[in-house]
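Every chain is named by a letter (A, B, C, D, E and F) in the order it is written, and numbering of its residues begins at 1.
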Amino acid sequence: MKLTVVLPVITDAFTEEVRREVGAWVSPGTEVEVRRIARGTASIESEYDEALAGPGILDAVGEAAADGADAVFVSCFGDPGVQAAREIVDIPVVGGFEPAVLTSLALGERTGVITVLPNVLPMLHGLVRRYALTGRVGPIRVVDIPVLDLDAGDRLVDALAEQARAAVAAREADVIVLGCTGMLGVAAALQERLAAEGPFVPVVDPTGAAIMWLESQVRLGVRPSRTTYLPPRPKDRIA
Amino acid sequence: MKLTVVLPVITDAFTEEVRREVGAWVSPGTEVEVRRIARGTASIESEYDEALAGPGILDAVGEAAADGADAVFVSCFGDPGVQAAREIVDIPVVGGFEPAVLTSLALGERTGVITVLPNVLPMLHGLVRRYALTGRVGPIRVVDIPVLDLDAGDRLVDALAEQARAAVAAREADVIVLGCTGMLGVAAALQERLAAEGPFVPVVDPTGAAIMWLESQVRLGVRPSRTTYLPPRPKDRIA
Amino acid sequence: MKLTVVLPVITDAFTEEVRREVGAWVSPGTEVEVRRIARGTASIESEYDEALAGPGILDAVGEAAADGADAVFVSCFGDPGVQAAREIVDIPVVGGFEPAVLTSLALGERTGVITVLPNVLPMLHGLVRRYALTGRVGPIRVVDIPVLDLDAGDRLVDALAEQARAAVAAREADVIVLGCTGMLGVAAALQERLAAEGPFVPVVDPTGAAIMWLESQVRLGVRPSRTTYLPPRPKDRIA
Amino acid sequence: MKLTVVLPVITDAFTEEVRREVGAWVSPGTEVEVRRIARGTASIESEYDEALAGPGILDAVGEAAADGADAVFVSCFGDPGVQAAREIVDIPVVGGFEPAVLTSLALGERTGVITVLPNVLPMLHGLVRRYALTGRVGPIRVVDIPVLDLDAGDRLVDALAEQARAAVAAREADVIVLGCTGMLGVAAALQERLAAEGPFVPVVDPTGAAIMWLESQVRLGVRPSRTTYLPPRPKDRIA
Amino acid sequence: MKLTVVLPVITDAFTEEVRREVGAWVSPGTEVEVRRIARGTASIESEYDEALAGPGILDAVGEAAADGADAVFVSCFGDPGVQAAREIVDIPVVGGFEPAVLTSLALGERTGVITVLPNVLPMLHGLVRRYALTGRVGPIRVVDIPVLDLDAGDRLVDALAEQARAAVAAREADVIVLGCTGMLGVAAALQERLAAEGPFVPVVDPTGAAIMWLESQVRLGVRPSRTTYLPPRPKDRIA
Amino acid sequence: MKLTVVLPVITDAFTEEVRREVGAWVSPGTEVEVRRIARGTASIESEYDEALAGPGILDAVGEAAADGADAVFVSCFGDPGVQAAREIVDIPVVGGFEPAVLTSLALGERTGVITVLPNVLPMLHGLVRRYALTGRVGPIRVVDIPVLDLDAGDRLVDALAEQARAAVAAREADVIVLGCTGMLGVAAALQERLAAEGPFVPVVDPTGAAIMWLESQVRLGVRPSRTTYLPPRPKDRIA
């Protein structure tokens, strides 16, 4: 199968790293393509950034489908453009939130998300409510590191571990979900760190979860429902 | 005060009618300005249309604030771009959903929204959940008339009355909210029609409700919270 | 329009202050009348006080409507007698809770109410549940000052600021609602105080919000639904 | 123990029947006293009636406690004055709703309440929400018979059976709660009637449930919490 | 009436104490029988223990009914086997959770459960959600004492009082429910201890509550609904 | 990886078919083992059957882990023994409900489950509440065919299609989940049938979903949290 990753940012700063990371998660038979968007922002850290990225994401998803993609991962934890994209293509599309959080629900009683900045908390809490998952997902925490500084190595793992420990201690979380798809390659290290200090607490990487999710949907032969995602009616549009 | 209406469509088909309608709702001292957007779609009837209109709406809201607007009404029931707009300006901004539905909650036990097409139902149900109002807002109904055909006069009132009667009979609704800001000038006629046939059921016009809401916010001296709507961080953006 | 304020207390201690305060909120064309009740208590700070005030409130609302009022504000945050009053008159009636809390919902993600005494917490939490708003309204806080001591000037603002800061810091609140209609004339000062110390957090005055709400309902041409508020059947009554 | 029934109506039309009925439910050692109220209405079928009855109910409960009652049953399904009464006396007090509905929750998955008139539906649905039981209690149904006509014998059982059958068939109910304390002496007949026609569906009589509840509370040595029901502060009151 | 207590453990360590305790709670006319199970575990402190005890509990309940029991109390707070038991017998069956927690709901706004070990928290939180009582039951607390060490006398009351005080102070609880049926004979002491230090907070003993509940169900003439608890279909079974 | 399927029934009637079906779903590198249980029932169609199967399921899961399984699928839609099993082994364990329903949540707004018999409805509705998914999962429907008659070929697809169509028409469902792991090999046919008659509605097979889920968990390097699933304490147990 052919899996397209839509990077909803206007620079190539993450392209290679994402390609490598996704390449490491996919099954042998899966071909990976990474597309960044032409219009939008350098990173998504607000409702404003997300709205600006919308048309570019939809362009990229539409082109990916036209080019034969079997599934699309919009690589951002806020699921930007994902509902809209499902209206216009006939293949599975997910962002970072749904696969990671739904995966976490079968791993423990309460899910604790740790994201980048306070700016995105209302957006993410809004997703929790929109997806009707308030009964299982606790208050969301932040490491207070901007997306463009996430290549912080140990400092990021330290900050995540501090928040994860606090969430577990406060009984807010039994499972940790990394709340930004830019937190690449740290889930295993964080999981190990936590297990070294206390009971085992699984850590879900949103990129890995999204890849598993899309491969699973393709293998199961399912794609989004057309009674939820109706095709947009023809009309004048200026993009 | 100066109130700007952002019409999130790319044509001037509605501009004059909206200006007239809004002009009829405002208080004596309120000056009205109507701006349509430069990029987007001819009408908003899907998540896709809404996403395409996002950057244009934010441009228009930002310009309105720069031009001295005291409050902005994004004239679409799906509240497109409203959360993002609150991040970038220091004045009240509302769409059609919040003022109309919140107003309805003090008028009866259950609110019944009637909108245009099935395409927007998941988007509107998503707003009900996002705003955590599922305990009071019933299933949303449609007249199955596209936005661009809403100048249907009696046919529209007939279709609305049929759905409103059904919703009341099924105990889904005690108050009716018109679920599209394009349903201009029919709320009073519908309310009268329903009252002629049975017990009084109030009908809330989303344009009227939004105008009252914004004038009220300005008079109360309040505007959106900066702990929910943090200003976007500076970064590269291509719109 | 003619707006009647029903003061649900048996003394005239608040009458002049309320008349002045409401007079400052209304639109130019609105005539204000203040009526206190004949039977009830000196202040409402318990379910017991609220129940004792019930018949007096209903008398006053009925008389106001008979005397040509266009809308009635029952000036108490617990909304005493409000549902019952809607059954017996054909004009908009609100208390303090509904307009203030519903207004707050469009200003931020979470609403924090600050009221007078712990005695009224179960009553107010009961309203939050009755109105199905638990998803947006946090735990309610108190300043621990009785209603009759609220003319405390700076001490009241100090106590409110302390609770508001704590609620914001604990991420319980993005918007503050003053939870007693006796907290007159302090909303603006509190909002300013908070803004001087941190991000802007709106403060909603329940009296101001109620006035806006009633004027809006009259201008929108709506009043409570007769499928929720059915007229009481004729029968023997001894008041 | 001494159990006082407060009949929240101003006539003696029900007094003897209630005394007989309650007498049949109590344990050997329980002494029953029935008090009607001096101020209020002939029956409670609206929020208005309930508010008018409030002071009279509180007078009666206070007097009962002063006269040595060990527990008080306010014989009305809407629980009028019950929360307020718990603030002023140190003994268990219940109305009709809480004991019957809570009892029903251990008898089946969903509870179906059948009450008298549509007028009381918003009040009862309001209680379901106030007590946070919406997840288990279905839509409430009516027989459309006023309280004062409930001595309808077979006609009442017929009407109840019709609504109960419909509720069960629609999967709204697995347990039936009679939603008016004036529906005396029909629960067993209704339960038998339903069992003769289909699977066994329990029918909970609110008077019987309240008596069991109060005797149980006394035997368990518990009474309402003083952190929920704080004693009203001293102040001027005119009743 | 004849009331059977099923002790879901494989030793007789508790039999005499439970017989004495239950004997002290029942009405004069009630005959008590205590049966322990033949297969299972020495105490129930995990989902694993609960699952192992299932067949033994069902054997015991079935035998009790065959021997003429009028009601059965499965003496464990996790309600193990209770739903299944209702499918196979025609008499009331309860565990410890339902009667105690439902009783508590009419005593105060929020219920605080205090149980033995963290191991059972997810199971008990799962019951709160399964019974749809999340709106009233706070976070559950533990004394961190295993069931087999509960005969700790003062140490148990000390530990319970510490947790109860903390729950009340944090506004998590207005009523305390002892969350293990092995906490025998301490409810009254705990209630007294709390009342000596602050406002009255009722403490509900699950054994006492269950006995009252079952006697009440028998006197009310009700038993579990056959539309919720359908009789298992005949088939091969190896126990 | 080695994946063990625990068939929670006491006959080999399904063993070969399940082995074949699971074999068709797994990835090339996955080795499949099917174990049936020694004690339990011929099929699971009630809480009673589920409870009887508990110890046998736990035996089988424990043995599978001891024999080197990397993940276990308890092949029953009611998730019997799954929570308990997670307490005793250090590998991923799922039943049929969690993977299928969680998968469905990213495919459409509302999930409609169709199961075998009315007997299991309270158990499945109980799971929906326990997992806190009531906001997305509609009322569950039945085909009214016992598990042992599910090899009905076309008759089963006909019955499923009838219920699926009704659920979609009533706006209860946008995605269909087959609510019994014995409904083998019909998901694709049902999905095709529905798509031939109306808009595309995905159909999720619980066996397929479970296999994808377990392979994904293993590849992600996660397993159940030890703060939710604590290891049972040592004690006497008689199985």
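General observations
Just so we're on the same page, a residue touches a chain if its C-beta (ideal position, glycine included) is under 8 Å from a C-beta of that chain, and two chains touch if they have at least 3 such contacts.
Keep in mind that this is a model prediction, so the values were computed, not measured.
Identification of common neighbours of chain A and chain C yields B, E.
Under the contact definition stated at the top, the chains bordering both chain B and chain F are A, D.
Over half of the residue numbers at the interface between copies chain E and chain F are found on both sides, making the touching surfaces mostly the same. Centroid distances built from C-alpha atoms place F farthest away from chain C. Remark: chain B and chain D have CA centroids separated by 43 Å (rounded to whole angstrom). Chain C and chain D have Cα centroids separated by 30 Å.
Computed from the mean C-alpha positions, the centre of chain D lies at a distance of 27 Å from the centre of chain E. Among the residues of chain F, those in touch with two or more other chains are 109, 122, 126, 129, 131-132, 134-135, 228-230.
If the chains shown are joined wherever they touch, the resulting network has some other arrangement, not a path, ring, star or complete graph.
Chain pairs recorded as touching, per the definition above, are A-B, A-C, A-E, A-F, B-C, B-D, B-F, C-D, C-E, D-E, D-F, E-F. Interface residues of chain F facing chain A in the complex, by the touch rule stated above, are 25, 27-28, 94, 98-99, 102-103, 105-110, 131-136, 168, 174-175, 187-188, 191, 199-205, 208-209, 212-213, 215-217, 219-230.
Considering their complex, residues 109, 135, 171 of chain E touch chain C. Listed in rising order, the residues of chain B touching chain F in the complex are 122, 125-126, 129, 134, 139. Residues 10-11, 38-43, 45-52, 54-55, 57-58, 81, 83-84, 87-88, 117-119, 122-123, 126, 129-132, 146, 148, 228-230, 232-233, 235-239 of chain C are the ones that touch chain D when the two sit in their complex.
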